[in-house]
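Below: a set of structures, written as structure tokens.
Look for subunit A in each of the two complexes below; its partner is subunit B in the first and subunit C in the second.
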Partner chain A sequence: MANTKTDEKLQKIAKDLLESGEVNLIIGYTKGSNPQRMRPVFITKPEEVEKLSFSHNAVQDLAVFLKKQEVKKYGKIGITVKGCDEKAVNSLIQEYQLSRDNIKIIGMQCNGVIKQNLADKGETKVSETTVYDKCLICQEHTPVLYDFLIETEEPELSLSGNVKPYADIEKLDELSTEEKNAYWAKEFDKCIKCYACRQACPLCFCSRCIVEKNMPQWIDTNSEEPGNAQWNMIRAYHLSGRCIGCGECERACPVNIPLMLINEKMARDVYNLFGYKSGLDINAKPVFGVFSENDFNDFIK
Partner chain B sequence: MEEKYFEISSENLKKFVDGMVTDNYEVIAPTDKDGDTFYGKISKFEEANLDILLPKMSYKEYLLPKTETIFEYSISGVDTDIKDGLQNIAGANEKRVIFGGRPCDAGAGPIMEKVFNWDYKDEFFNERFKNLTIISIACEKPDNYCFCTEMQLSPESSYGSDILLKKSGDKYFAIVTGEKGLNLVKKYSDLFTETTKDKVPADKDWKKIFEIEKTKSFLDKNFEHNYFQERFLSCIGCGVCTYTCPTCHCFDIQDEGNLKEGRRIRNWDSCQFGIFTLHTSGHNPRVTQGDRYRQRLMHKFKIYSEKFDKYLCVGCGRCSRNCPEDIDIKEVAKNLAEMA
Partner chain C sequence: MSRIGVFVCWCGSNIASTVDVEKVREEAAKIPGVVSALDYKYMCSDPGQNSLRNVIKEKNLTGVVLAACSPHMHENTFRKAAVKEGLNPYFVEIANIREQVSWVHEDKERATAKAVDLMKMMVEKVKRDKPIEDVRVPLNKKALVIGGGISGIQAALDIANGGVEVVLVEKEPSIGGRMIQLDETFPTLDCSSCIMTPKMVEVNQHPNIKLYTYSEIEDVSGYIGNFKVKIKKKARSVVEKDCTGCGECWNACPMHKNVKSEFNLNLSERTAIYVPFPQAVPLVPVLDRSVCLHFKKGGKCQKCLDVCGPKCIDFGLQDEIIEETVGAIVAATGYDLMETSMYGEYGYGKYKDVVSGLQFERLLSASGPTEGVIKRPSDGKTPQTIVFVQCVGSRDPEKGVPYCSKVCCMYTAKHAKLFAHKVHGSQSYVFYIDIRSTSKGYEEFVRGTMEQDGAVYLRGRVSKIYEDNGKLIVKGADTLSGNQVEIAADMVVLATGVIPKKGSDKLAQMLGISYDKYGFLTESHPKLRPAESSTAGIFLAGMAQGPRDIPESVVSGSAAASKILGLFSKSEYEVEGTISSVNEATCVACFYCQRVCAYNAISRKEIKDRNGNVVKVVANVNPGLCTGCGACVNACFSKSIDVKGFMDDQIYAEIKSLAV
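Let's look at the complex of A and B:
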């Protein structure tokens, strides 16, 4: 496939960054194993930049690689990010996992990425029924922070309002506690404890996850009840107020647990209770990292 | 037993499956749920999705459950009661039939059986495996991630299936490979008509795009090759490849419980996890994800075949389709073969 204008701009920026020595590594997308797939690529030499590409199939959140030791050793890094992924970069900076000085952000304007399972079946059109729910509620089609911005060639995503993103959240909200428990028990029963949700998450960066600690054994190791619920609950809590909604956990989950319902619900609750949205401001303090006298504290009785 | 051949009409195939359900068989088939297709229990023929190539996960869990209780204990005063987990699964799978899987999935059972009966006879695996009846359907259209032909099987291979069905117009030919399959056919004998081998359409000439022996010969000599570190820099260690794989069988033995009761279990585990080889000392012989993915390739395409004469891969392509970072094992194995 020929380069698009987007690809050319991207390659030019990457080439300049590598040639000037401003970065040692560019993390970007390249063409994948089928025409509807893209995959991460790591470029260290200016002559390799022509591998870089971007499209509505660039589903991965490349910020996940910023937590990886093998990648960190490159020091100064340039990264290609969509608006959602860029919020993960911001959160990593907020949480002192990354220095703003060590990252060059190549922001990609994005009007939505096509769900991978649909793309694999041949879907090529960006529309409200083919993109992820996160794209339908996206407020950051243009990344909030960038060193370079590449404008999109894609038409704007048109929303009829007929497709309700994360509609199941409202449905679940209306259920009784028992019914909610039953719903999630059924979902968590599918969990196979592969921890792909954790690995795919750019913000799950603990060098030793709580499930790997066994003195004491905080989380049961079994893939049944209660081990599965314990894991999924702790993951949700560790990400509330932090999750930037890239949806990589749900995309990676091999058994299709609707993890984004949890993440999005937590994000809404955090916003409603504390007026905080994650990943928007590198100078903001993470909501659970600060105490404010104005904080909601009705729960203390 | 020598292979036997039967014909069954599409109409009778439905009666066959519904008949098994009525007779209290637990029929596991590819079935649509959660926006994809998974193996699951069906209560009538129509619930089986026989049009898709492969369910997202394999049916490994029916041979090696994601959590298996090895034994349970309970303590009361000075009395300790220990219950062997094998008791829980005696006769497991006796009336369980996997229907509508593919030859790749079927091939995984006898391949895994080798390691489970190598030095230690794994009674849990054996108990489940001996009773499970596998009725597969030959593939007509493998996709670009499939490479069973390269892995010494084929889209029409009967290896590991008790009954292999090959579609031909409005009917199926049933290749029955052993007693388990034959018993089922006999039970529903009015639905099947015996035929001879020459009536069964010959297998197509499936082409290979690389030679797996060459992949192995690269692996034999290039443990330290840069390819592994460079190509798998994009691996996030999620383990989806190993958990969706029909032949990956690593498990982790864990104890859980308290002073009164508890159990020893084994859970699925993955060589893609950093903690998999982490020593108590803190040393980890597989430091990078490149080291870990190389291990997966070595185990599948070198070590297992040297020990057991079979590659530990059936070429189903699940690890490639399901990889969130689009690592395509067929492409990797081909790359390695080309570098050999």
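Let's look at the complex of A and C:
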């Protein structure tokens, strides 16, 4: 539930930023019409800061709005971010989509957000069985980079070890290539090519996505095979070494394709092979933008 | 509507014996858009080219496909023929059915099928070709030579004599490189300094050469015709223009012990302020601040300054960065000797009288630590027996390097010869694996060492060297007689293998040129472009490329120079038009392309509205630097960058042509 003290701090910071002209826009959360939901809000006037709020229902990654032209035109922007979402801000800076000088990061300490479907059913307690898998593996309950930090008053997330995040990754790893293909063929079969995954992703910032390139048409546009697999795999590859694991693609997917299994698997592979984790350092070179002589090359036969 | 002509070459029997060329021709004729299909015995011959030109003219072709040999061979030939008929040269495509088909396959039926496929792909590609204009890059007619050894000096002199300005940068306090360390040179035994110093002086006096010694390359950016070079001129502590080279300072320096002379390879000592050798060019000393008492003891000692007539010693001099813009670069960074620590059994470093070949050169040299009298480092006695060990590190994949260092056979023969000449009645033994003496006068020279100068050549390796009662006991094998040999020697000379100069890999990275696994700079083509690096405008010379002797180094210096003079004889440089181009409408400026570009060819470009406001930032390709390698194309998420002549739609059509 929204905590008054947290909200007050947040509103004060936002007010100061807007009044001093340090930012022209604050992107934050506000209470939704449904008490168990929060929604994004865009504040441009100091007198509107009271709308700002934060809670364990703040599931959205607001960094996605930073790629929008409508937002970019405000120039200097303040943004409310959880630790996971903040990594997207870092990645955007790393990839020249955002200037550090133009962004004020209001970092929200967070001990996990409650899965939306559970919240809708009335769940109000943050626990290892109620939060998203990303919260269970989260190393950034406190954002890695911020201009302001608002500490959480939620109790620390206690992990018993009984709930295994992204457990299906290990299960899939056990399968043969054919079995894996069959699993994903079934999942991708559901895809309706709505591209909600892309729209919800803070790092899918291309103005013309590869799926929209039609000279030549790299990806079949109809929502059936092989186009579905083409789209989903290319999306995954374009995010490998970049995805910061906010999970918005999976949350946005109307047909419940477990996209985070792919994203998290990719992130683990990238970490194992290159020792790189995305979104942690605005000065780091993105892993697929660098060549090192030590890069593994066993695949060259 | 495409009007394509397909020409299938037999290459005599090279292609025709494995590929059914008539079948390829028949299949070509069936493809929509192909208006003419021919096969001919030698398409590259004059009649072949004429038939190509005739068909272009008669059928008004919009594109040409040659199913023939590798485009490396005759692409240019056919492009030129097409240009004569008014076709853009990039409307000529080659399906390589020789190197990629007939030479590598045996089954005629399947080889023919593959040849047909390759031909089809090229037909689809040529249908989508667009005219491409070559890029013209203006040239700054000034050259940079990195390294003042014999090959760098030769390159600098040749370029300068051709009327072009040269900037010569040398890391050490003097030019001269390794050659000036040598005594007499094989096979003619002319003294190295006698033939080297005139060249060094010529460099110093040449109006077209600007010489920076004790300087290093700090940064290189830009591209052929327009390289921006930052040179770090290290603080010499001596004002060069005022110094007369009189020598008062180094004579006055109290630090005349304990500092080993790098030039004499630690066989003698030098002062803190010093010239490496008497004929140094420029004859201006360097103050070694790491050992100078002035710097170590808080400024008390200034004996050199006290005696300096022109007062040109300046303890406060700082490193200086000099910027130069040049159109071409020669990398002549030279070599070092390998470490021999992995041959513990030879005792190098443990026994004073086990020396390297280069150290022995200094012992032979009249300007060396013993003024040319051969004396053992341990006790200064003249050795009567010397054992020479060849291939120390070279040709030893286990401990050293697999390659041959090339010069050791010859200089060992020379050492043995000079030893015989200088110490009458002496005896030398040479352990060798093979004798490599293939240039003019070399074999005779080695024979002379054996037959006239009495050197005993033993084919085999040395297993152990140890000291016993003032002698070095050398144990080895004579594999020709099958005997174990034990020689009591006064000295041992190891013919240590050569390796690229330390730091040359870093320089290569700065220059954006490639090097092999040992660090030797690699040629654009090992046989046909031996003076060119992989990057346009950067040329190679000397030992930096691999082991070679003085004549070869001189030749390579001249070769690099002639390439540069040829390049500068035109007002502009023409670059192939098959380079990357950015779709500015869809580029989102994430600059992954810039990150993966090995040639620094991509920069930021701001698109402004008519009021000068930046509306968009996009990637921009520098045509002088882009090689069309395509790394950026792979890195681009939105497919907003493409290589002209290899556009996405062309590649896609090629692949699709295979799906029947």
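Assume the second predicted complex is superposed on the first by the 298 of 301 C-alpha atoms of A that agree within 3 Å, B and C clash if a C-alpha of one lies under 4 Å from a C-alpha of the other, contacts with A are read in each partner's own complex, and residues count from 1 in each chain.
In this text, a contact is a pair of C-beta atoms (placed from the backbone, for glycine too) under 8 Å apart; a residue touches a chain by one contact, two chains touch by 3 or more.
Model, not experiment: these values are computed from the prediction.
**Student:** Since both structures carry subunit A, what do subunit B and subunit C do when superposed there: clash or fit?
**Tutor:** fit
**Student:** Would you check which partner chain A:A200 touches, where first means subunit B only, second means subunit C only, and both and neither mean what they say?
**Tutor:** In the superposition, A:A200 contacts subunit B only.
**Student:** Please work out whether A:N117 is in contact with subunit B alone, subunit C alone, both, or neither, and reply first, second, both or neither.
**Tutor:** first
**Student:** Would you check which partner chain A:V255 touches, where first means subunit B only, second means subunit C only, and both and neither mean what they say?
**Tutor:** Once the two structures are laid over each other on A, A:V255 reaches subunit B alone.
**Student:** Does subunit A have more residues touched by subunit B or by subunit C?
**Tutor:** Per-residue touch count on subunit A favours B.
**Student:** So in the superposed three-chain picture, is A:K164 touching just subunit B, just subunit C, both, or none of them (first/second/both/neither)?
**Tutor:** A:K164: touches no partner chain.
**Student:** Of the two partner chains, subunit B (first) and subunit C (second), which one does A:K180 touch, if any: first, second, both, or neither?
**Tutor:** After superposition on chain A, A:K180 lies in contact with neither partner.
**Student:** Which partner does A:S223 contact after superposing on A: first (subunit B), second (subunit C), both, neither?
**Tutor:** Only subunit B; A:S223 stays clear of subunit C.
**Student:** Taking the superposition on A as described, I'd like to know which of subunit B and subunit C A:K5 touches: first, second, both or neither.
**Tutor:** Neither partner.
**Student:** Please work out how little space separates the C-alpha atoms of subunit B and subunit C at their nearest point after superposition, in whole Å.
**Tutor:** Least C-alpha distance after superposition: 7 Å.
**Student:** Do subunit B and subunit C land on any of the same subunit A residues, and which?
**Tutor:** Shared contact residues on subunit A (touching subunit B in one complex, subunit C in the other): none at all.
**Student:** If we count contacts the way the header does, which residues on subunit B are in touch with subunit A in the complex?
**Tutor:** Residues 34-36, 38, 56-57, 66-67, 144-145, 229-230, 233-234, 236-240, 242-244, 252, 254, 256, 265, 267-268, 270, 273, 275, 288-290, 320-322, 324-328, 331 of subunit B touch subunit A in their complex.
**Student:** Report the residues of subunit A in contact with subunit B in the complex, numbered from low to high.
**Tutor:** My answer: residues 32-34, 37-42, 60, 64-65, 68-71, 117, 120, 190, 192-196, 199-200, 212, 217, 220-224, 227, 248, 251-252, 254-256.
**Student:** List the residues on subunit A that touch subunit C in their complex, please.
**Tutor:** Residues 95-97, 205-210, 213, 215-216, 218, 238, 285-286, 288-291.
**Student:** What part of subunit C is in contact with subunit A in the complex they form?
**Tutor:** Subunit C residues touching subunit A: 585-586, 588-592, 595-596, 617, 635, 637-640, 648-649, 652-653.
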